[in-house]
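Following: one structure in C-alpha cells, then a few remarks.
Order as written gives the chain letters A, B, C, D, E and F; numbering starts at 1 within each chain.
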Amino acid sequence: MNKLALDDLLRMALTEDIGFGDITSESIFTEEHISQGYLIGKESLVLAGMEVFSRVFALLDDSVKIKPCYTDGTFIREKERIAIVEGPTRALLAGERVGLNLLQHMSGIATHTRRYVDAVKEFSTVIVDTRKTTPGLRMLEKYAVAVGGGQNHRYGLDSMVLIKDNHIQAAGGILPAVQRVRNHGSYYRKIEVEVEDLQQVEEALAADVDIIMLDNMRLPMIEQAVKVINGKTLVEVSGNVNLDRVADLAATGVDIISSGELTHSVKAADISMKLESNEKGC
Amino acid sequence: MNKLALDDLLRMALTEDIGFGDITSESIFTEEHISQGYLIGKESLVLAGMEVFSRVFALLDDSVKIKPCYTDGTFIREKERIAIVEGPTRALLAGERVGLNLLQHMSGIATHTRRYVDAVKEFSTVIVDTRKTTPGLRMLEKYAVAVGGGQNHRYGLDSMVLIKDNHIQAAGGILPAVQRVRNHGSYYRKIEVEVEDLQQVEEALAADVDIIMLDNMRLPMIEQAVKVINGKTLVEVSGNVNLDRVADLAATGVDIISSGELTHSVKAADISMKLESNEKGC
Amino acid sequence: MNKLALDDLLRMALTEDIGFGDITSESIFTEEHISQGYLIGKESLVLAGMEVFSRVFALLDDSVKIKPCYTDGTFIREKERIAIVEGPTRALLAGERVGLNLLQHMSGIATHTRRYVDAVKEFSTVIVDTRKTTPGLRMLEKYAVAVGGGQNHRYGLDSMVLIKDNHIQAAGGILPAVQRVRNHGSYYRKIEVEVEDLQQVEEALAADVDIIMLDNMRLPMIEQAVKVINGKTLVEVSGNVNLDRVADLAATGVDIISSGELTHSVKAADISMKLESNEKGC
Amino acid sequence: MNKLALDDLLRMALTEDIGFGDITSESIFTEEHISQGYLIGKESLVLAGMEVFSRVFALLDDSVKIKPCYTDGTFIREKERIAIVEGPTRALLAGERVGLNLLQHMSGIATHTRRYVDAVKEFSTVIVDTRKTTPGLRMLEKYAVAVGGGQNHRYGLDSMVLIKDNHIQAAGGILPAVQRVRNHGSYYRKIEVEVEDLQQVEEALAADVDIIMLDNMRLPMIEQAVKVINGKTLVEVSGNVNLDRVADLAATGVDIISSGELTHSVKAADISMKLESNEKGC
Amino acid sequence: MNKLALDDLLRMALTEDIGFGDITSESIFTEEHISQGYLIGKESLVLAGMEVFSRVFALLDDSVKIKPCYTDGTFIREKERIAIVEGPTRALLAGERVGLNLLQHMSGIATHTRRYVDAVKEFSTVIVDTRKTTPGLRMLEKYAVAVGGGQNHRYGLDSMVLIKDNHIQAAGGILPAVQRVRNHGSYYRKIEVEVEDLQQVEEALAADVDIIMLDNMRLPMIEQAVKVINGKTLVEVSGNVNLDRVADLAATGVDIISSGELTHSVKAADISMKLESNEKGC
Amino acid sequence: MNKLALDDLLRMALTEDIGFGDITSESIFTEEHISQGYLIGKESLVLAGMEVFSRVFALLDDSVKIKPCYTDGTFIREKERIAIVEGPTRALLAGERVGLNLLQHMSGIATHTRRYVDAVKEFSTVIVDTRKTTPGLRMLEKYAVAVGGGQNHRYGLDSMVLIKDNHIQAAGGILPAVQRVRNHGSYYRKIEVEVEDLQQVEEALAADVDIIMLDNMRLPMIEQAVKVINGKTLVEVSGNVNLDRVADLAATGVDIISSGELTHSVKAADISMKLESNEKGC
C-alpha cells in the first residue's frame, strides 16, 4: 500500500468529519485528558484495515497508541477484542468515527470476500474484484479483497487492456480491435476480451489474447466455452455473480470469477470502540 | 450542494480510475468518434445523483450531453430509461465507471431511505442519517438521504453539540457537561445529549437541552421516556435500528429515528449505461 | 481547532513567504547556527494564537523550541515577554514573519473583542462575530473571538439557517420562508430570521424561530422588539455596531450583539521577536 | 496578477464559507431564480479588487454577470454605485460574502495607501508595503497597495536580499555579511541593508549596496543619514511609520517610506451588495 | 492521456513560472493587446506535445488560438512552421516559457526515440522506456516515447511485477520469488524477471514468467540466452544501451530493448515562438 | 531551499512512481526486512542533491538512514561511494528510483555547469541559468546550477523586469518601455533590457537600466557593445551559448553568460544504488 496516498486520503476524511473542531470534546476534555479502551467486534468478521485505523490516530496525535490484537486477514469471533487503544481523549474521539468507518467498511469487504472464497474452495477458481469501487477508496477496497482471499482485477483504465462490446463494434471485430491495441500498446500489459457467445470465444482465441471474459453467460454456455478454450487462455466469468451462484460457476472450470458486489454493496462489519478500562488487554 | 467541492471530489475519483489514460479506448477510438446511449435501471429505485453523474462528464469533455429523464427523488421502475447520453466515445467510456459508481451508490441510499420513510409514514417521525458515512462522500451521501425523504443529522463534529457517555463521565454528570459546553459554546448550535436510562432523561431535561437521544433502549423504556419528556425537547432513538423495527420505534411517539445502516451498508442500485442508439429518447 | 486544517494553512502561508528559499539567511547562517530569543509585546494585548505560532516553527524544523510564558486569553501588559524561543537561526528567521503575522492578527482580534465584552459586562449580553472574516482565516479568527470572550455566530452557510430579506421576499413572507426551510431542513440546526420592523418581529414569533435578528434598528425600536419578544426566542442585534454604541445596545436587554468589525477591521497587536539572549526566561 | 493562483485562493475561500451547501438559499430559491442588484459604497473609498470580485462569481456560475461602474484605483464617493450584478440568486448569495470580504479588504488597503501617498505628494518619496501581510492574501494585498499609489517592497524571502541586525551580527559586520551574500548570490537581485546608526550607514555605503534602510531612527538622524548617503544609494525609512509622521519623514529627503500598517491593520471599506432592481444602471 | 492530470501539472508549472504575475508584460501591454505569431523549429525534430502546448494557453486565457500545422509524430524539417498562435499578448508571453519547455522536452524525447527505432527497423525488436523519468513528467515522457515509435515499459511499481536481484536473493531464488509474487498477486499483471546469467535464464523459464530481462549482458551471452529461451517468453535486454549499440543488440533476436537514456538524458528540441505576423499561415 | 515545497514535490513524485503500491517488493519482503547498501558513481561528477535524496526516504519511512560521504558541490571520481544507506528494504526500493532520478538529474546539471565555470575561470565572467527549466523542478535545477558554481538568473516572471523585443516594439522603444515599467514598478527589482544592436545598447544606457542583455550577437559586436557600455551597467550575453564558445564569449569582457542548455538538455550523472553490505563505509 502507498502510505503517502493513504495519508492524503485520511487527512481529507478527518477534515470532512472534524471541520473546524470537535466542539463538544474541546469544551469538556482538557488537552491532557487521557483515555484507554478497546475495539470490539459485535459480530464475527474477517479483519481488514488495522494499519489504516492506526494511521488515522497517528495523524491526529502521535502519542495515541493502538495495539492490534490480530493481524489483517484473521477471522474474529463476535465479542472478541480487536485492538487496545490509549491516548489523549480528544484525539481518540476526533478520530473514532473516521477510523471505524474505514475499518468496518474494509472488514465488511474482507468478510464477504472470504465467504465467496470459501464457497469455491474445492475448485481452483479465483475470486476477483472489479472497478465498481467507491470513488476515493479503490486502494483500500482492493486491499481488503486481497485480505479476504481474493485477487485484484485491473486497478484502473491504465493498467491493462480490456476490450468490451463497444470497442469490438467500433473496430469491426475482436481481431481488428486487438490489432489496434497491439499497435498502440505494450508488451508489458495483458489483454482481455469480453465475449458474449461461442463465436466470439473462437475469435478471441484466434487473436491470442491473455484472458477471455465470458460476460453474462448461462452455465451451459460457460461449460462449452471452457471446453473450447481448453486452457489456451485464462477464463473469467462476470455478470450476475452472487454467493448463491458462485460454486456452480466455479464448477464449470473457469479460472476466475469477478464480482462487483464485493465492493459496491458492502455491509459494514459491526465494530465498536469502547473507552473503558483496557487493562484486561487483548 | 457545494459544486466546487463536488468538482474536487470528481477530479480525484476520475484520476483514480483513469490513471495516465484509458489505454484500450485511446487505441481503438479516435478523438472524434461519437456515441449515443442511455442509462437504464435494472431494478426499481429512487433516483439520486443525476447532477453528479452529469458533472463527471462535463469535467472530461464539455461536449458530452446528458439529458436526464427524471429528477432526483423520482421512483423509477425496472427497465426504465433514466437518462440519454451522447458525446465523444472516449469521454463516455472514461467517465462511465465513476459516474455509475456514484449514481448507483447514491440511488442505493435514496432507495433504502425511502423504504424507511414509507415504513413510518403513518407517524410524524423523521428518519435521519448519522456520521457513519463513507470517508470522502459525506456530502453526497447526506444529500441522497434527503432525496430519499430523510433528514440529515449533524454534518460533522463541528456542527452541533452531541454529549455522549464519555463526555458525561468526564464532566461528572449531564448537567456539568452541558454547563461546560455552554461556557465554551454558542447560542447558534443545538445541544443533544445521549442517555441510557430514565434517570439520565430527567437530568437532560433539567439541563434544558434541545434534543435527547435514547441510545439502544428497548421499546418499553422508550415509551416511558417519551412520556416523561412530554414534548419538552425533541426525542431521537438510535442503535440497532433496521427496517423491521422502525415502525415499532416510530409508534412510541419519538420525533426522530437515526440509522447508520442508511449510509454504512449500502446496496448499490443496479443501473447500466448502454452505448446503443438512443433515438427512442427517454 | 482542527490541527490538520491548521497545518494546511500554515504550509501555504510559509511557502507564500519563503518562495524557493530565504536567500539572505541561507547565505549568512550555516544550517547548524543556533539562536535564542523571545517574543515581546510592544503594547498591552489579549494573547491569542500561541499554538499557531509554535506550529509554524514545528513545520519548518522540529528542533525549534517555543516556550509560551502565557496561555491564550491572558491580558499582557506592554513590554512583557510572551514566549521564549530557541532553535536553528534559519528556521527562526524563515518562520518569524508568518508566525508574527498570525499571532499579531489573532491577538488584535482577541484584544478588541475583550474591549467589547468589557463594555457590556454589566449585562448578560453576549458579543458574537459574523461571516465578515478574512478569506482563509475563518477558523483562526473565530477562535480568537472566543479567546477574547465572545461567542461565534454560524461558521458558514451550511451550519445554520439564516433567513434574510431576499429570502423573505422570494418566499412571500417570513412564515412561508420558514416553512420551506423546515421542509428541506433538519431538526439539528437552529433557524434565525433577520427582521427590519416590529411587524416582522411578530411574524417571526409566529413562525416559532430560534433567534430573531434585529437588523439596523434604532434603540427605541430595539427596546420595543425586546418587549414584544419577551424571552420567547433569543434576540440578536446587528448593523452599525461599534465600541461606542455597544453598551447602549446591551442595555436594551438583547441577548446577542454581533459585530463584523471584530474580524474585518483588525488592528494587529504589536508584538516583536528579538533574537537576543533569552536567559532571563519568561 | 496570476489568475491561476487567484482561482486557487477563491476556491478555498468559497469552500470555507459554503461548506457542504447554502442550506437557507437552497431551500428557498429554485436553481432558475434570477436576481439583479448592485454594489454600493457606504463611505468614500479607493476601489481595488473588482476583477477579484467578479471572478468569485465566475467560479460559482458562469452565467452571473458583474458589470463594474469603475476601474480599480478610482476614488468613489459615498453612496455611489460600484457595480451592477445579475444572475442566479443562489450563486449571488453563495458568493456575496467572499466577494465582499475581499473587495472591502482590498479597497480598505488602497484607500489607506492613497492617504499616505497624498500626504507625501509634494515630495518625490515613494510609499511601500512590507511582508506584514495577511497569510494567504499577499498577492492581493500588494496589488491593492499598488492600486492605492504605493510600490511593493520585496514579495518574499526569495525575491531580494535584506540584511538585518541578526545577519550583521552573525557575519561580523555589514561588509562581511554583504560579501557572503554576494558569494552565494546573483547579479539579478538588489541588496538592501538595515542600519541603526550613522556608523552603519558608512559601512553600508562602503559595501556598495543598492538600498539602505534606516530603521527606527529619529528625524534628525534620518536627515544626517540622507546627507551622508547623498544619492549614492536609495534610502528607505522604516519603523513606527503612520499617517501623522509620514510627511515629516518625507521632508527629510528619503526615497522610500515603508509601512506595515498598510496591510496588517486594515479597516475594511464599507461596501454592500443590494439585490434590488438595478435598472438605473451604474 | 489523462487530461485532468495534465491540467494539474500545467497549473503547477505555470504558477512556478508566473509567481504573483508577469511584472514586465503587465506594465507594458494592456489586457486587450493582441499578438499573432508562430512556432518554428530551429532544427529537424519529431513533434510531440502539441496538445500539451495548446492546453497551457487554454488554462491562461480561453481566447488564445493555437493552430497546429502538424500532428504529433510528424518529422519536421529545420525552419518549418509548427503552429500558428494568436491571442492576448499577456497570455501568450505568460505561457510561452512553460509551453515551449514542455514541447521542446517532449519533442526531444520523441526525436531521440525515433533514432533508436530507425536504428533497429530491419529487426522486429521494440524500443521501450524505463522508470528513469523526470519526476512529475512521467505521463508526458512516456507519451513522447510512444510518439517516437517506442513502447512503454511498466508505468510504475504498481503496474506489473519486476523481480530483480535483491528480490531473488531475499526469496532464495527465482522460483520462490515468483511463487511469493503469485501468492499475493493477480492473474491480470505480467511477471518479468531480471537475470544475470544463463543459469538464471533457465530458472526463469522454469518459473514460467512472461518476460525475461537480460541485464547488462554482453552480446555473446545475449545470443545464447535468446537461443535457450527460444520464444517461450519475451526477452528484453537492458543496461548500457545507447544508439551505437542498439542495432547489434537487436541483431541478437531479442524482442525488446529498454533504454533509460531516452528519458533521463534528454536534449531539448530547438523550437522558438515568434510574435510576428503569422499571415503566411502554416 | 524551501523544505516544505520540496516535500510537496517529493510526495507527488513518489506517488507517481509507487501508485497504489510496490507489488513486487510487498510480496517478497516483510515489513521488517532490513537492507544496507551504498550509492556509487559510475562516472566522475559534481554531486548535487544529497539532501533531496535523503528526504525522499524520510518521507517513506523515518527509520531509513542515509549517510552522505560527500557534500553537494564535491567533485567525485568514478567508482567512489557517494553515500551509505540502511533501512527497511521496502522503503529503500520504493524510494530508489525517485531518489536516483533526482540525484542524477541534479548532479548532471551541476557537473555540466562546472564545466562551463571551469572554461571561463581565467575571466571574471559569471555563468547563469535561464527559465528554460523542467516544469516542476525549477527550484532544484537552479539550486544545482549554483552548486556547480553558476549563478541564478531571475527565478520567474515575477522576480525582476526583463524587457524583450515584443515589449520594446509595443511600447515604441526602449525608453518608453522602461518608463512604463518604472511607473508600475518597484525600486526593489532590477531592470534588464534585451538588445540586438549597438543602437539599442545606446538606448538602454540612456534609460539607465541595471543590466543589458546582448541577444544572439556575434563576437565583434559583443566586443563593441562592451566597449560602449564601459562598466556603466552589467552586461549579459545570451543565445547559442555552448561549451565550445563560452571562453571566447568570456574573453569579450562581458559580466554574465546565460545558457539554457544547462537545464533544458541535461545528461543524467550515472549513479547506482547497490543493496549489498555497506560495511566498508564511505
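To be clear about the criterion, contacts are C-beta pairs under 8 Å (C-beta built on N, C-alpha and C of every residue); 3 or more make two chains touch, one makes a residue touch a chain.
As the structure is a prediction and not an experimental result, all values here were calculated from the model.
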Field: Intersection of contact partners for chain C and chain D
entry: B, F
Query: What is the chain whose Cα centre is as far as it gets from that of chain A?
result: D
Statement: Matching C-D in over half of the residue-numbered contact pairs, the equivalent interface among A-F, A-C or A-B is A-B
Task: Select, from A-E and B-E, the pair of chains that is joined by more C-beta pairs in contact.
output: A-E
Message: Report the inter-centroid distance (CA atoms only) between chain B and chain D in whole Å.
response: 44
- line: CA centroids of chain B and chain C: separation to the nearest Å works out as 32
Query: When the C-alpha atoms of chain E and chain F are each averaged to a single point, how far apart are the two points in Å?
result: 22
Statement: Where chain B touches two or more other chains at once, the residues are 2, 18-21, 26, 138, 155, 158-160, 184-185, 189
- request: Provide the full list of chain pairs in touch.
  value: A-B, A-C, A-E, A-F, B-C, B-D, B-E, C-D, C-F, D-E, D-F, E-F
Message: Please output the residues of chain B touching chain C within their complex, sorted ascending.
response: 2, 126, 128, 146, 151-155, 158-160, 184-190, 192, 211, 234, 255-256
Query: Across the complex, what residues on chain C touch chain D?
result: 9-10, 12-13, 16-29, 33, 35, 89, 93-94, 97-98, 100-102, 104-105, 108, 131-138, 155-164, 166-167, 170-171, 177, 180-181, 183-185, 189, 260, 264-268, 275
Query: Which residues of chain E touch chain B in the complex?
result: 1-5, 138-139, 142, 155
- request: Mind listing the chain E positions that touch chain D in their complex?
  value: 11, 14-15, 18-21, 26, 59-60
